[in-house]
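Sharing a structure here in structure tokens format.
Note that the chains take the letters A, B, C and D in the order they are written out, and that residue 1 is the start of every chain.
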Amino acid sequence: GTLDLATAYVAVKAAIEKCEQMGVKMNIAVVDAGANLVAFARMDGAWLGSTDIAVRKAKTARFFDMPTGDIGELSQPGGPLYEIESSNGGLITFPGGVPIRNADGAVIGAIGVSGSTVEDDHEVAMAGLGAVQPEQPEDGG
Amino acid sequence: GTLDLATAYVAVKAAIEKCEQMGVKMNIAVVDAGANLVAFARMDGAWLGSTDIAVRKAKTARFFDMPTGDIGELSQPGGPLYEIESSNGGLITFPGGVPIRNADGAVIGAIGVSGSTVEDDHEVAMAGLGAVQPEQPEDGG
Amino acid sequence: GTLDLATAYVAVKAAIEKCEQMGVKMNIAVVDAGANLVAFARMDGAWLGSTDIAVRKAKTARFFDMPTGDIGELSQPGGPLYEIESSNGGLITFPGGVPIRNADGAVIGAIGVSGSTVEDDHEVAMAGLGAVQPEQPEDGG
Amino acid sequence: GTLDLATAYVAVKAAIEKCEQMGVKMNIAVVDAGANLVAFARMDGAWLGSTDIAVRKAKTARFFDMPTGDIGELSQPGGPLYEIESSNGGLITFPGGVPIRNADGAVIGAIGVSGSTVEDDHEVAMAGLGAVQPEQPEDGG
């Protein structure tokens, strides 16, 4: 299965509402199971350079089915995935991208958020995720 | 002035409603006055390859402040702008992108649509435009 | 609002005068609010490789509305924005790029300078900025 | 020899004055003997997409030491240089770029102009050229 536009919009809307609560301005991207862009929104006044980063975070999270920040821990100098960022036309491996799963735990897409600190970015991505991802199976899918 | 996210959403929504009436599936992109992406939506089942095309149509329409198809008429073999498509990292010069103007006639952004025939693409782009562009000054801005 | 060509020229001229005082040769680029190039000058004998860097510094400073060096402090190994340079077609995150604000504190463009040490580059960028940026509001805009 | 920044500025200034007389808004680029950018200016309200084109016209004119339009006549379908535009990261082969020669007829740089019809573009480029190029030797250099 793959995420549809209606689901992507729910995630984007929830992310924007979270931003408004937090007083931050973000770029928000959602990709489907094929890692292809489904929906994107840049809030008024959000960083122009974060458009590309939000899209890359969403793609990176789906490329490897894990939060982007998990990859970044492995891509440091001396780490097992050093310089993985240079693959796929440019990955983003700091926090703000998370995969979206269905009720069976299968990845159906991902959301990527960029525009503030990486902690804020991740928090907003989790808010978007929370609005669309059903409770996960105990084995983590 | 430049187009904001709320305006972009109105254009995207109107474009999607037009698609549903026509029975087509499209990718729709909106850029601001700086030719930077503001909003994007890919309808369920729309061509994956049209995501990039929709974004490039919107950018191309803002790059030259005219409908993309107007450029394509000039870029044919023997035409004055032959091979202009190779500039700017890749232009799209067939119909489906149109600039969005404010009440004074100044360009504040553009909408790009891709996913069907170029006639359909242009019709959907015009529906998106019609939802957000005020009546133009007689001199055309 | 966005920076116009006359303002860009004032910034470039002030930057060049600063270079002449310092005895350095620089590439100087100015972008507008949309991060699009407005003016560029390469002083006689300045590094050829710094043309691209000056333009990327100006764009990077506008992409994130902060001095380029501030981003570079966060993008080091182990830092929160590690490898952000691979986004946006290539960022430059060492000093020499600074945003330009209007009297209300809103970013209207940026200047990027490259051709010497990063300390010199930043000093020249600040000279360009100083010639065009009005006093800022106390809250920093 | 190669063109210096002072000469480039004279060419850009003359081109802008010509634009103001003609009532057009242009992007103007000057490259040196190495085909590297020396000076660039985008007039207020000129097409954003013409920045890249003006730079490519200047480079193309110096790459082949002839007016860009001359190359375009050879690059048409069936012509001897068909699709030469895909070389060098993207050439522009319609009018608006001309080489700049010294008193001996040697090419020392080029000017590229974009922002209106190709006839206007070429006329403005020739105005820029006329301000800096000395009378040519009878044998054409």
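We adopt the following convention: contacts are C-beta pairs under 8 Å (C-beta built on N, C-alpha and C of every residue); 3 or more make two chains touch, one makes a residue touch a chain.
Keep in mind that what you see is a predicted model, and the values were worked out from it rather than measured.
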Comparison of A-B and B-C (more C-beta pairs in contact): A-B
Centre distance in Å when subunit A and subunit D are each reduced to the mean of their C-alpha atoms: 44
Averaged-CA centre spacing for the pair subunit B and subunit A, given as whole angstrom: 27
Intercentroid distance (Cα basis), subunit C paired with subunit B, Å: 31
Shared interface positions of subunit D, touching two or more other chains: 48
Overall pattern in which the protein chains touch one another (line/ring/star/complete/other): other
Interchain pairs in contact, sorted by label: A-B, A-C, B-C, B-D, C-D
For the subunit D and subunit B complex, residues of the former touching the latter: 47-50, 52-53, 56, 72, 75-77, 83, 85-86, 90-95, 117-118
List of subunit C residues in touch with subunit B within their complex: 2, 32-36
Touching residues on subunit A, where the partner in the complex is subunit B: 4-5, 8-9, 34, 36-44, 48, 51
Subunit C - residues contacting subunit A, complex: 34-35, 59-60, 62-65, 77-78, 80-84, 86-89, 91
